[in-house]
């Protein structure tokens, strides 16, 4: 199905790595829905992933950038506007990384340089993108900005570590900047709090498989996958959601509103069964 | 703009009265987007409003029903399925009324028969609709059900009275039934928490004009109106939001995430100015 | 330990049945802390439980009352003020019952007379108590009112049924009346959202044992029990919490802020182990 | 009134500057309630304020420390344990500062070194305190840790700038560390979200006077002041609240649960009156 929902719209998509990435699926869907956009990721990610394939498929220019560098971001916006022939209408932030998690440091033995890096990469990068966009006046009125978040911003999950704090900060930045950008330019800023997803990034989280099994059984509609998320993003980029802003929108098959499901408690119950 | 987002979809829309109604706008938009549906409201509302006009415009059958009557609701679903030629895909609940508010009783002097009526009309009617639909198996898999709510469910507003409690109950019913309907039939149930809107119903609320002025200045994107809400509903009825369920979705120009805006505080400040 | 935190304070405690009841523990603690109070429960509960024992132990008068009857409640307040020699300072509402749950009706096959009863007993009784107190001017300035709630008001739990909706309504009533009573009389109204507790009432909930095991492993401080809750109530009745109002206060060992704990996921993992 | 609620308890209080500080009032109350503690603040603050007076009054040692320095914090804990003769039972974090706010940079023109400093001082300092305490095993089982926050963590306030993000991060750290410290050592970690307060720090916020007038009229119990907050802290440090953890507790006279009050809307209405 394709509806031309984003016909004539221009955008920038940050954070696609490979075809497991949510940002990758968003790019594919946005393309199907008639949008033009540029793609950005770090030079390292460009080597690790296969963004060329996506670039070709969707006719999108790739602009390498370190999203913690204001200079790099300025280049992303300038080149994007040049390539796309004007201001953009939508933007996706799908960026997150914790050096503390990578190095296996537990939350009560964090390295603080790493902690600042986690926040810089996963949260402040979003502020930098917005501040650069605002300075360059790079987004059209009624434009839409989305960043991907996770329920760890509200509830503690074993092993999610300082990424939980980074997501809480990210959601706060979305609100804070959403106020200013809405007031001044009618631009909306939201976060999507997505089900745990088997992306390359997600795979780094401790015990991700059991967690995904648990949330699958807890969520009445099962976990939302990357493609579901891409569909949802398209609605948020479209003109049909113009008055939704400063929100954290759960896209998780109902998980966030569940206390205990029949399926999960039945499975849990099995843990007490004794072998014959 | 029209995208055929609801092409081939069938629905039922409860609560349209006149062209100020949110439900009226939803019907118009759903029609533009390719949906077929039936319209339902109480016999009294049918006399007061001009639903015939909407019926004609959208080619929709009107089925009079008291939404607190299980029998009436059964008829609505049966006739709808007959008319539309099968199960439905979406449903809007835009129903609310407080006899206590109508009679000017304050919240510390409520009549309890009235309180039960407020809850029966504004909240339990939603459960009845869902329970009847479930019993008759009247909604297709991946169908979408939306009810309209208000931020009074979370925060107390002077004069909103027992309607605040009714909305809190409504949102809880959406979660509770959303779990069951999601688990069993992949049907999602959400509420939209809409800006204060100048509908015929809204006009009954004490001091609605000042309140609307205040929320207009507080909300970075200004208040969402009935047409904005209709656009948003269309995305929630579409197949692009399949994994969103059991959520209360604020559609309010950012109001719910604001503590104090520049525009509102400037206006408030004027209240202290003395005349020369 | 006893601190005389409630010395000179008078109160009414609704809902003690036997020594497993939270209300019973609250009465004991309040007595230890120097308070005087009356006890109220339904005539049926008085026969089933052994409130006489508590009455004797704490020197408290028992006033039988159906908390859904405004007349009965008027009597409770009048007799209490007479017995205690003046207005009261604190009040506990620990009342809840669902005929739908009792009769084993599932949430998609509710009887609506029962649903209204669930709400009348578990939620509107709280409004009635407050409205009667307000009319009789029965609570001193800076008095404190607490009702017991449960996380089901925010998150759906399999089997908790229409009690979830009743708790959501209860918490809304606490906010709505808390505004009025605070503004007019400086009286605060809050709810405590307590861990699942093995009371006589709690035992009726489907699969309560597995649920309690799960929340025990999820909560970093383990479940809060009835005695813990009584201690917490004492602080809310004391003069040290005068500016806390219209809040739902989680008292649950951290459960409400957890997404997944190490202990719970380890146990869950065992459910997949195969027998040798 | 004094109840000996903290008799025999030892603690550390960070952030008292002068007798307008919340931390100052907490120290006074904790002293009245029988606690012993040390006081810590930065060398600069020690010069600006008059902590000596508090030190003398409460018999507390002052330990100068930069709360962003792990080394300094280690010294605070070591000296405190030495002085107090053992592990501590409670801790208050009342630390926050934004160089961006100080320099008048607006939220869409932030300096990122400053932003990191805001977070380091106002949020990461809390993690550092907890991590140092955990490493040194400096807090007794069932100890209680409280940090002061503000509703800006949830709702955007004009002019509050990057301090809003810092508070959101602070509350997330309280949850994340609260899980670990609760699970391992039965220590609880909470934040209090306090009314806007006329402290030396608070005075820096743009338009604080109008804001305080507005929240005063919005809150049914009026704003909570520093002394009210100190009373509330005492209950959270006491043994009566052992199962409350990972919570953000609003202590604000009801403000956080208000949408619009009679008093505020009346005042707002005056802003539209024309001079005769």
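We just call them A, B, C and D in the order they show up, numbering each chain from 1.
Assume contacts are C-beta pairs under 8 Å (C-beta built on N, C-alpha and C of every residue); 3 or more make two chains touch, one makes a residue touch a chain.
Computed from a predicted structure; not experimentally measured.
Shared contact partners of subunit C and subunit D, listed by label, are A, B. Shared contact partners of subunit B and subunit D, listed by label: A, C. Comparing mean CA positions across the assembly, the chain most remote from subunit D is B.
Between the CA-based centres of subunit A and subunit C the separation comes to 41 Å, rounded to the whole angstrom. Our note on geometry: subunit B versus subunit C, Cα centroid distance of 32 Å, whole angstroms.
Chain contacts: subunit A has residues 155-156, 158, 175, 178-181, 246, 257-258, 261-262 touching two or more partner chains. On subunit D, the positions that touch subunit C within their shared complex are 1, 3-5, 175, 178-183, 186, 188, 195, 219-221, 223-224, 228-229, 231-232, 234-235, 238-247, 249-254, 256-258, 261-263.
Here subunit B touches subunit D in the complex through residues 151-152, 154-160, 207, 210-211, 214, 257-262, 265, 267-271, 275-276, going by the rule given at the top.
Per the touch definition, subunit A reaches subunit D in the complex via residues 70, 106-110, 112, 115-116, 119-120, 124, 127-128, 130-131, 134-135, 153, 155-156, 158, 161-162, 164-165, 168-169, 171-173, 175-181, 246.
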